[in-house]
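We call the chains A, B, C and D, going by the order they appear; numbering starts again at 1 in every chain.
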Amino acid sequence: MIDLLPDDDQKALIDNFESVLAAEAPLARLRDGQGDLALLARLAELGWFGLGLPESAGGVGLGLIEEALLFREAGRFLVGPRLFAAVLGAHAAVGAGDPALAAALAGGERGACLLSGDGRHAFDRQPGDSLVRVDEEGIRLLDEAALVRAEPIDGLDPAIALERVELDERGVRRLADRTLALRTKVLVSASLVGLAEAARDRATLYAKERQQFGQPIGAFQAIKHRCADMAVGCESAWTLTALAALCLGSGRHDAAFQAAAARIVAGDAALAAVRGNVQIHGGMGFTDECEAHLLVKRCHFLLQLAGGTRLHQEALLGEPEPVHGR
Amino acid sequence: MIDLLPDDDQKALIDNFESVLAAEAPLARLRDGQGDLALLARLAELGWFGLGLPESAGGVGLGLIEEALLFREAGRFLVGPRLFAAVLGAHAAVGAGDPALAAALAGGERGACLLSGDGRHAFDRQPGDSLVRVDEEGIRLLDEAALVRAEPIDGLDPAIALERVELDERGVRRLADRTLALRTKVLVSASLVGLAEAARDRATLYAKERQQFGQPIGAFQAIKHRCADMAVGCESAWTLTALAALCLGSGRHDAAFQAAAARIVAGDAALAAVRGNVQIHGGMGFTDECEAHLLVKRCHFLLQLAGGTRLHQEALLGEPEPVHGR
Amino acid sequence: MDFTFTVEEEAFREEVRTWLRANVPTEKRPKEGQAMRAFDTAWQRRQHESGWGGIAWPVEYGGQGLSLVQQLIWHEEYVRAEAPPPGCMFVALSHAGPTVMLRGNAEQRALHIPRIIRGEAVWCQGFSEPGAGSDLASVRARGVVDGDDLVVTGQKVWTSYADVADYQELLVRTDPDSQRHAGLSWVICDMRAPGITVRPIRTMAGITTFAEVFYDEVRIPLGQVVGGLGEGWSVAMSTLSFERGTAMIPHQVELQRTVEQLIALAGEVTGPDGRRPAAADDEVRSRLARLRAEVAAMRAMTYASISRAQREDAPGPEGAMISLYFGELFQRVHDAAMDILGGESIERQGRAEAWTFRYLDGFKHTIAGGTSEIRRNIIGERVLGLPRGRA
Amino acid sequence: MDFTFTVEEEAFREEVRTWLRANVPTEKRPKEGQAMRAFDTAWQRRQHESGWGGIAWPVEYGGQGLSLVQQLIWHEEYVRAEAPPPGCMFVALSHAGPTVMLRGNAEQRALHIPRIIRGEAVWCQGFSEPGAGSDLASVRARGVVDGDDLVVTGQKVWTSYADVADYQELLVRTDPDSQRHAGLSWVICDMRAPGITVRPIRTMAGITTFAEVFYDEVRIPLGQVVGGLGEGWSVAMSTLSFERGTAMIPHQVELQRTVEQLIALAGEVTGPDGRRPAAADDEVRSRLARLRAEVAAMRAMTYASISRAQREDAPGPEGAMISLYFGELFQRVHDAAMDILGGESIERQGRAEAWTFRYLDGFKHTIAGGTSEIRRNIIGERVLGLPRGRA
C-alpha cells in the first residue's frame, strides 16, 4: 500500500493538533520570553508527548508518522524545543529499558531540555532537567550533574533561552541506538516543514490582501512565482519527510537514506520560505511587530538543532542507493 | 584618473570592430564547420591580431584594454579560438625575444592553434601550426612536433574542430612569465562578457517582439526580471573585466586578484545569460535553427579554455586583499 | 498513511523483473527513422504478446488494467532493466489511444484500439502551433466542413515522430468565429492523406524527433471527428485524467538512476583541483548530496500523486508542482554533470557523450508541455489561489 | 579608459589617512537616543572644524567641493580607519542640505545650511507612508493652506532618527484633488512643532532607529515650503542628481572589508565537518572566492558609476543595477557567514554578534529604498526598454 495522504484518524489528529495550537499558541506568546513552559505543560497534560511511545511506557502507542504530524504542527506554531527533549528523552528511556522514566518524561512530571548536537548549547533549560543530546551516532540522556558550566547568552531566537554549556559526559546515563538519531532527523524535518508551510501561508495571504499599483501584489509574477516556489518546496519537503517517517517506522532498509534526504530538502525549503515571507511582506516584514522574523529565527535554530545541513549531506552520501520494493 | 568608459578613440575602435564583425561574421557562418579560417584571415589582414603588440614587433602598440575591447566584440560574434592563439602566441614570442615570430603570428603568415590549459585538447588546429598552451603558471609555445597524438572527436561546440591530443613537452620552445596567464584570463573574461551581452540583447529583443496572452512577453515580470538580471550580470562582469585589464596593463599590484575575480564573475554572468536566452526564446530557443544554442555551447567552451571556474577561485583566494590607492 | 508492498505486489515485482530480464531487447535502439519505428513497434508487439502491452489500459481493450502501485512497480523495474523507451509508440499508448477509448464512437474504437496495442499503428500529436507557445488554446489551423469531409489548412509544430506516424490526433478550429477554447475539434488525421508535408526540426541537441506539419486542404472524413464538432477542447482535456498520478513515474525513476550514475562518475573523473577525484571535493559532494536528496523528494512527490489519484477522479493542479520540480531538477543534475566533467564537458564523445547530450536535450524540460513560468502561474493561481491580475 | 591615481591624489590620500588616524573617535558609538546624537554631531563638528565637513558640498556652503575621485579616496580611507558612520547626520548632509542648496530660497539657505555643516542641526526624512511601500508617489498626508500656514495631518513611516531630529524634509499633498506625482509640496517641518508624535519602530534586528511620525494639524509656516507649492516631486527628485556616482561608495568599501573579515572568520571557526577549520572546506572556499569576486565587481560598478557621473549631469537608471547588486550580495555574504558560523549562528553574543546582527539587519537591503522587485522593473524598463505592460 502506497498512501502518503492521511487517513481519517490521522486527519482527526491533525485537526486536533491544529485547533489546540491555534487557540493556545498564538505567536504573540513568544514575546514574553517564558520559553513556552505553560504551553508545554498543557500539551503534556493532553498526552501529546507520549503519542508515539508504547502503551507499556504510558504512551498512546501510535507510530512515528503520527509523531511527525505532531511536530509538523508544532513547527507551524513555533512550539519550543522542550517538546523535542521530552519526546526524544522518553524514547531514549524506553530504549534503555526504563519505562518509569519514560512515563515521567512523557507525562511532564520530569523535565527535560535539549542540548545541541555538538554539546555546546542548552535550550530552555530548567532546574532539575534531564539533558538530551542527539548526534549522528545516537542519543545521550544526561543527568543535570553532567553540566559543568552553563552561561546564559543572547540568542538569535529571542523566544528560546540559550546557554553555552560545558559537559562532563562521564555522567552519561544511557546511549541508545542509531534509530533515535534518525527519528530526530525526521522530527526536525517535520518541524521545518511546518515552519515552511506557515511562511507559505502567511506570504500567500498577505499577497492576496496587500494592494500596490492598483492590484493585489500576488498578481505580480515576481511575488506569485516566489509563492509558487514556496508551495513546491513545502510539497517536496513534506512528502519526503512523510516517506522517511514511514520507512523508519516500519524498519525499512533505506530509513537512514530517506531521513537524511528529508532533513536536507526540508532545511532548504524552510530557509527559502521564511526568508521569502519577509521579502513579500516588504517594509512591514522587516519590523519586530510583524511575526515574519520569528519564523526566520526559528528556522536557523532548527537548522542547527541536530547538526548543520552539510553533516546530513555527508550522512546521505554514506548510504547505499535504496533498492526498489521492500 | 578613474574612467571605466571608453574615450573617443576607443569608441571608434569598438565601432570599427562591431561594423566589421556585423558584416563579416553573422552567426550563420558557424554552420559550415570551417573553423572561422576565412574570417580570421581577414581580421589578420586588418591588423587586429597585433592590436596590443608593441610596434617593434609589427603591432599597433595599443594597450591590453583595447585588446579586451576586441575580445569582447569577438565574444559577441563567436569568433573562433584561433584569435586567442594568434594574439597570445605573438605576445609570448615578444616576451621570449623573438619579434620576427611575433610579427609572423600577428600577421597571420604563421598559424597558431590553442591547446586547453590541461593540454588535453587542441582547437581548430591546422597543419603547420604553432601550439599555444596557457595555464596558471604561464604560457607555452610549442612546435607541431610536440604533438605525439591528435585524434579528432565530436565536440560540444559544433563550430570548433576538437581534437584529443597527447603532447611531448620536451619540445617546449618558450615559457613566458605569469602576466600572460593573467592576460589570458582577462581576454577570456572579455569574450565571456561579449557572449553574455549578445545573449542579453537577443533575449531582450525577442521579449519585446514576441506576443503572448495579448502582450509582449517582456511585459511579464518573470521575463522582464530575468532580462534585468542579465543586464546586471553584464554590467558587473564588464566593469570588472575592464578594471582588471587596466590593472594588468599598468602593472598594478592587484592585477592577479582582479583578473581572477573578473574570470569568475564573467563566467557566472555568461552562463546565466546564455541559458536564460534559450529559456526566453521558449520552443524556438530549443531548435538548432535559432542561434541561442550556439551561445550556450560557446560559453561552455570558454569556461574550460583557461581552466574551470574553481581553478580561478583558488587563484583568487591565494591573492592578498588589494590595497586602496596605487 | 502507509508505504509497504503486499506479498502479492512483491510477487508481481519478481514476475516483472524476470520477464524483463529475459525480454528486454539487447540490440541498441536506432535513434531515428523507419529503423526506429520498426524497433519500437516490435518491442510493443513483444510486450503485448507476453501480456505486458498497455499496462495502464483497461482489460476490455487488451490492456492489463494494472493498479497504480503495479504500474509504479512496472516502471521501476523497467528502468532498472534498462528497457528502451516507448519512443514512437508513446502518443498512441498514453494519449491518443486513451482518448479514443473515452470519447470515440464504437467504430473509431474498433478500428484504432487493437492496432495500437498490437504495435501496428503509430500516432503523433498535432496540438501546438507556431507562435502559440505556452498558449495552447490559440489554435489557428482551420477545418472547414465540405460535404462529408473536414478540409484542414494550417500548421502544427513540435510534433514528435511525425515522419513515422500513421495517424495524428489533431486539434483544429472548426468554428471560424470562435475564440480560445470554444469551436475546436479533435480529429483523427491519416498522416498519408494528400496535402500533408512533414518538415523535421533539428533541436539544439542535434536530433530530429520533432517536426513541423503543414496542412494544405487536407480532406479528413467527418467520421474521424472524435466527440463531435466543437468539442475538441473537452476531448483533449479528458485524456489528462487517464494518466493521473503515473505520468511522471518513468521520469522520476530514470532521474534517480542518473543521479546515482553521476555519483559514480564523480568517483572516476579528476576533480576541480586537478589532483583528487571529483568525489573527494567537498563542494562536489555537497551538490551530489543535495541532488540525491532532491531526487528522493521527487520520488516522494510521485508517491503522493499516486496517493491522490487513488482517491480522486480528476488530477489536481498539484501535477504542475511535480513537472516544475522535475524540469528544474533535471537541469541542476546536468549542470552538476558539466562541472564534474570539467575539461571533458566540451566533448560529445566517450564518457562525456551521454551527459552532454542530455545536458543539451534537457533544456526542453523547462519549456515543453508548459514552461516553468506557466507552471509557476498555475501553482500560484490554482494551488494557492492567488489572483490572476493583469500579468 | 583609465585607472590610475595622480601624485596629487596620492598625496591627498596620505593627508586623509593621517588626519583620520589622529581624529577618528576611539570611544564606542552609542546606538540610540541623545547619546548617539551627541556623538554623531560632535564627530561632524570635529570634521568641519578640521576642514573635512561636507566633502561633497560646494565650497560656498562651507563644504570641501571634492572631486569624485577625492570623495572615493575619502570613503576608502574612512572605512579603513574604522571611522563611525554619519548616523543621524546622514539625511542633513546627503539629502536635505543639498536640496535646500539647490531649491531653497536665500533665507532658507542662510538659516539651515550653516547649522548642518557645523553639526548643529539634525534632520530626518518624511517621504514614505504606511501602505505605500514601493509606490513613493502615493502620498496621502495632507497639507491645507490656512492663512500663512500649511496645516499638516497624516502619517509617515520609516523615518530614521526621528526621535533626535530638529527638522524633517516632509512631502505632503497640498492639492487634495491631485493624483500621484502632481500636487505635492516639499516642506521643512520643525520636529518640535505641536501635533507631532514620534513612535519608534523596532526592527527584526532588535533596534529602533526607524520611527513612525504622526501629524495632527501641525502648523508649518508657508515660508518653510521649498521650491513652491505643488513642486514637491520635482524638489524631491532634484536631490538625486546631487549624489551621482558616489552614493554607493561607502557601502561598497564597507562590504569589501566585511568579505575579508569573513575569510578571516573562516580560518578561525571549525568547518562543517567538525574537524578542520571552515577555510579548509572546498565548498566554503568556493563560496568565499565567489563573494570576493563579486565584491570586486561591485567596486568596478561603483567606479563605472563615478565615470558616468564625471560626464553627465543626471544619473541614469544604471544606479538601480548597483543598488540591486549590492542588496543581494550583502545578503549572500551574510548567508555564507551564518553557514560558516554553523553552531554559533544561533548566538547573538561574542564572535557571532556582529554577523548575526548584520544578517538580520541586512534583510532591509532588498526592501528599503526600493525592493529588489521594483529595481528589476526599473532595469527592465529603463535600462533595457522592455514594455511596462499590465504587470
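Simple rule for what comes next: a contact is a pair of C-beta atoms (placed from the backbone, for glycine too) under 8 Å apart; a residue touches a chain by one contact, two chains touch by 3 or more.
Note that the structure is a prediction, hence the values are computed from the model and not measured.
Counting C-beta pairs in contact across A-D and across A-C shows that the higher total falls to A-C. Chain centre most remote from that of chain C: D (centre = mean of CA atoms).
Centre-to-centre separation between chain B and chain D, using Cα means, comes to 38 Å. Between the CA-based centres of chain A and chain B the separation comes to 50 Å, rounded to the whole angstrom. With touch defined as above, residues shared between interfaces to two or more other chains in chain C number as follows: 272-273, 283, 285-286, 373, 376, 389-391.
Multi-chain contact residues of chain B, defined as those touching 2 or more other chains: 215, 219-223, 225, 310, 314. Within the complex formed with chain B, the residues of chain A that make contact are 220-222, 225. Taken together, the chain C residues at the contact with chain A in this complex read 1-6, 10, 13, 68-69, 72-73, 76-77, 80, 256, 260, 263, 285-286, 288-290, 292-294, 296-301, 303-304, 306-308, 310-311, 318, 321, 324-325, 373, 375-377, 379-381, 383-391. Interface of chain C with chain B (complex): residues 128, 133-135, 157-158, 201-204, 206, 272-274, 283, 338-339, 342-343, 345-350, 353, 356, 360, 363-364, 366-368, 371-373, 376, 391. For chain C in complex with chain D, the touching residues are 272-273, 281-286, 389-391.
Contacts from chain B toward chain D in the complex involve residues 1-7, 10, 65, 200, 204, 207-208, 215-216, 218-221, 223-225, 227-229, 231-232, 235-237, 239-240, 242-243, 246-247, 250, 252, 257-258, 260-262, 264-265, 268, 310, 312-314, 316-317, 321-322, 324-326.
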